[in-house]
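After this come two complexes, each holding subunit A, first together with subunit B and then together with subunit C.
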Partner chain A sequence: MSMRSNMKTVRISIIGFGYVGAGLAEVIRRKRADLVSTYGLDVRIVGIADLNGIFIDEQGLDEAELLKLRTGAKDWERPGGMTTLELIKELDYEVMVETTHTDVTSGQPGLTHITTALESGRHVVTSNKGPLALEYSRLTDLAAAQGCALKYEATVGGAMPLISLIRDNLAGNGVLSIQGILNGTCNYILTRMAEEGLPYEHVLKEAQELGYAEADPSSDVKGLDTAVKLVILANSVFGMNATYRDVEVTGITAITPDALKLADDAGYVIKLIGEVSREGCLKARPRLVPKDDPLNVGGTLNVATIKTDLAGDITVIGKGAGPIEAASAILADIISIYR
Partner chain B sequence: MKISMDIELKDIPGQLVRALQPVSDSGGNIVSVVHQHDKKTPSGRIPVQLVVELDEQRLERLVRALTERGVRVVRTGEERLKESMVVLLIGHIVHSDLRETIDSIDRTGFAEVVALSLSMPSVDEESSASVTISAIGDQELREALHILEGTAKEKGIMVIAPI
Partner chain C sequence: MSMRSNMKTVRISIIGFGYVGAGLAEVIRRKRADLVSTYGLDVRIVGIADLNGIFIDEQGLDEAELLKLRTGAKDWERPGGMTTLELIKELDYEVMVETTHTDVTSGQPGLTHITTALESGRHVVTSNKGPLALEYSRLTDLAAAQGCALKYEATVGGAMPLISLIRDNLAGNGVLSIQGILNGTCNYILTRMAEEGLPYEHVLKEAQELGYAEADPSSDVKGLDTAVKLVILANSVFGMNATYRDVEVTGITAITPDALKLADDAGYVIKLIGEVSREGCLKARPRLVPKDDPLNVGGTLNVATIKTDLAGDITVIGKGAGPIEAASAILADIISIYR
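On to the complex of A and B.
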């Protein structure tokens, strides 16, 4: 490996320093040498903002120091009383990474963060589903008008490449449909229920103890999270102008061990399958998946089968959640801006 | 009703049209024609499988008309149910009159519920059933599922269909 002579400095801000934001800081710390030698990129975090405060350093913040914020070994600050929006507008940087929590009703605070960054001429990379599920076309139009990139691979399928896989590697193909498991929590619950014959409530509790389900699991188990991801695929891959209200949603809370046993006897498993097609089908609901189908993956895995007119069926399987996995998708998006 | 017929044609041009004309003349509707020109019977004729929608009482007259035109009718019979699918139902299936749900499929004439297994934890709890539906073709099978989904929705029963 040789050092590139045409090295480019990429200054980023991270808005929302929860587990995904911190995961990205960790990944940038780990990959610094590779980013330089392989891509000629000197990636520096010059600002982070969270509800709790702000850190800025135009030369680049020390990631190891930032990670102490997550363990409580370091306290948040707010230099000069600066607000998050002031940081987004006024700091000198190229790429804003938006990793605040998803709110599908209002899209906030991510929607304002992304709009402000694009209006200030910054590229945006996000893992936040809310803004894209609600205002996809307005945001992509704004990005185009500003000559900025807006990238969101981390919003669907976590580490699993899907949006860029279709855009780049399957370029030229017509996509007929995408069908898959886009929520690891539901997959974990249904897999465990089927394997152990345990009731839904029992397995949900287990998933919560293991950190696979949130304290309020309703967005996952009622299918809303899957619906929001479908909307992002519908809009970005199929050019629809859908919102999550357009998705027909049935969750997994009514699935019983008896039903899973009957499915098993008939050669099937039950999975929460999201489906979007060129004809406008937009559904998230439990389906019977033949045991030998590639969509039958267990645990917390995500999977998607893309049906195309030239390449036939392409199936990708990967980890749908986790800080390092989400950061993997974000890092790939950042690198792709400079290719 | 849908009737399937195996017929055999002479291997000379124009025979397929000759064979299909009497079907429409007798008020029948051609559902499908499978014509394998490269396949021949030992007597040198070409086998064709027809599925026609026809009043059963007119079948005899159709067979006579075909025979008069030199078409051999090897077999006639009610179309078999060729396609099938398993669907799961979850809900108060028994309370909501399972018979009626099944009847809504059987009444179509092109699809039937051919197998059913029920799992009922206790009378007041929701039960689960796996239902096997067969139909004469893929399109009819999807139509049957659509009907089942409609009936189930009215009764608050969840339908889980194969991908």
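On to the complex of A and C.
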């Protein structure tokens, strides 16, 4: 933890200032001193853009001030009528962090943001699944051609390391398959249904009240969110050229307390398991999981088991959602660019 | 997986040609084409040394031939009476892989091998716990002063990524504590005792017959092996300057089937848990673990839960032992030097 002599200033823009973007601002505020002392990085947010407006400051915006935007204690502005694309292209910065909402049918607005940033020679770190699920190879090719990094650890498994774990920590291994619980909402619902013997609709309502499920939960409970994450793994780990339409998907809406009870009696739990294999299997569906399998994790946890040819089975478990957790993955991606 | 234009030759020496050293030779043999196509690395074993003798070839030794040394189908040689230290200092190579046996009281012969290699300006990758548990800060300081890498992922958790996972994938996080099962022999014995209601001595014998426990199992079952791994985590993750003598250790030899039954009735298992925290806690002892805790893994598996300030709890599970598994960690370390 010694002070680094060769400190580097890293200027970032945050596009999309929702809960993940604001989470990153909070994390950068908390970690400023550590980033300097441990990594030699002086990380400054020099611009943020949102549907509501824009803030820019070449010397670095005050994160505490920015966070007031989320509570309504501060009003959005739009200096000189600047657009988000103008900010992405014209502001002086190194890394664009794209945290707008995921749209898996159009990929927008993230797709345009990421393309524009890469074309402008900026590194990109994103938590937005849509662009990567739809146009993975075009975006990675563009990044390579521009000599820019394109990092997206936060898109799959939140704070749980998976993409970088396979690429770096398991380097040299052939990956045979990845199986896991990639959606915390489904895991919460199935865990509660099994524990309490309650019907799906009842537990869904509970999950919505607790903020574990959205008002429109269909993307989660029908398996689409899991499918999109699988596609990102399929393309980045196995070099497939898949989109979410290639995934065989069955959601959890038809699972009954009776089915969970039968499974329990036989020593199993039912989980929504996403699976992708080297042979091209791409499935998201409810599956019986033995109770003593590492994939049997409860609550809102995410988990993935990576089957490899040298290291055997490696399982990783962590929080799949949450603003600080997503920001943790984004921050590790930013640091990795400067290692 | 495209062919890399800028291929780099990486010449390695392997010091200690026991089951881990031979496992690495086997892995390099299997993975030669992948290492070239995926990482642009032409990895050649140019020298091996063992108590029994030495083989060197500047163009690269034939791994299949070397593996015959382990079956007795090939005899050891010692060209020109060369010593191991002469090989380490004088051979032309980039990376020394140190895989001699762990001696936690003297650290030898690994300590001298590693020191000599670093002083000769070679990178070092090791699976040998002794030198790192005894002289961590001296060795890392020496490596830094020489501009050499010193990598040791294989020392803790075998194929299970832990040290590099914390440093890279969780970069930016403050680590609060690490708890885990770091010894597969103890886990096997406690798992079997709990499942079958059998006494310690009976299961130990079974483990010895299956090759899961050594003829002299004391380092494993008395907790020393776990303590040594904890010390490596304490020093590398928390910047402590600990040795295994600083660890409060209780082994598993006094655990009875009755104790396991009582725990089971209350919803717990008993596991030998190593724990190290930022506050300086350094303990290896049997602990009650709730059955639904991610730390409850069976058989010979290893597991670690890393408590962090941003990512929350991250758990990783994998095989803690085995020649190919250890070689997997060593290979990832070698690749990481050239990233």
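Methods note: the second predicted complex is superposed on the first by the 338 of 339 C-alpha atoms of A that agree within 3 Å, B and C clash if a C-alpha of one lies under 4 Å from a C-alpha of the other, contacts with A are read in each partner's own complex, and residues count from 1 in each chain.
Criterion: a residue touches a chain if its C-beta (ideal position, glycine included) is under 8 Å from a C-beta of that chain, and two chains touch if they have at least 3 such contacts.
Quick caveat, the model's predicted, so the values are computed rather than measured.
In the superposition on chain A, contact of A:Pro286 is made with subunit B only, not with subunit C. Of the two partner chains placed by the overlay, only subunit B lies in contact with A:Asp258; subunit C stays clear of it.
Looking at the shared chain after the overlay, A:Val20 reaches neither subunit B nor subunit C.
Which of subunit B and subunit C touches more residues of subunit A is settled by the count: it is C. In the superposition on chain A, contact of A:Thr250 is made with subunit B only, not with subunit C. Shared-chain residue A:Leu230: touches no atom of subunit B or subunit C. Considering their complex, residues 179, 250, 254-256, 258-259, 261-263, 265-268, 270, 273, 275, 285-290, 293, 295 of subunit A touch subunit B.
Of all residues in subunit B, only 86-88, 90-91, 117, 119, 121, 126-130, 132, 158, 160-163 touch subunit A in the complex they form.
Chain contact summary for the complex, subunit C toward subunit A: residues 1, 27, 31, 34-35, 39, 153, 159-161, 164-165, 168-174, 239, 292, 294, 297-298, 301, 308, 310-319, 322, 324-325, 327-329, 331-332, 334-336, 339.
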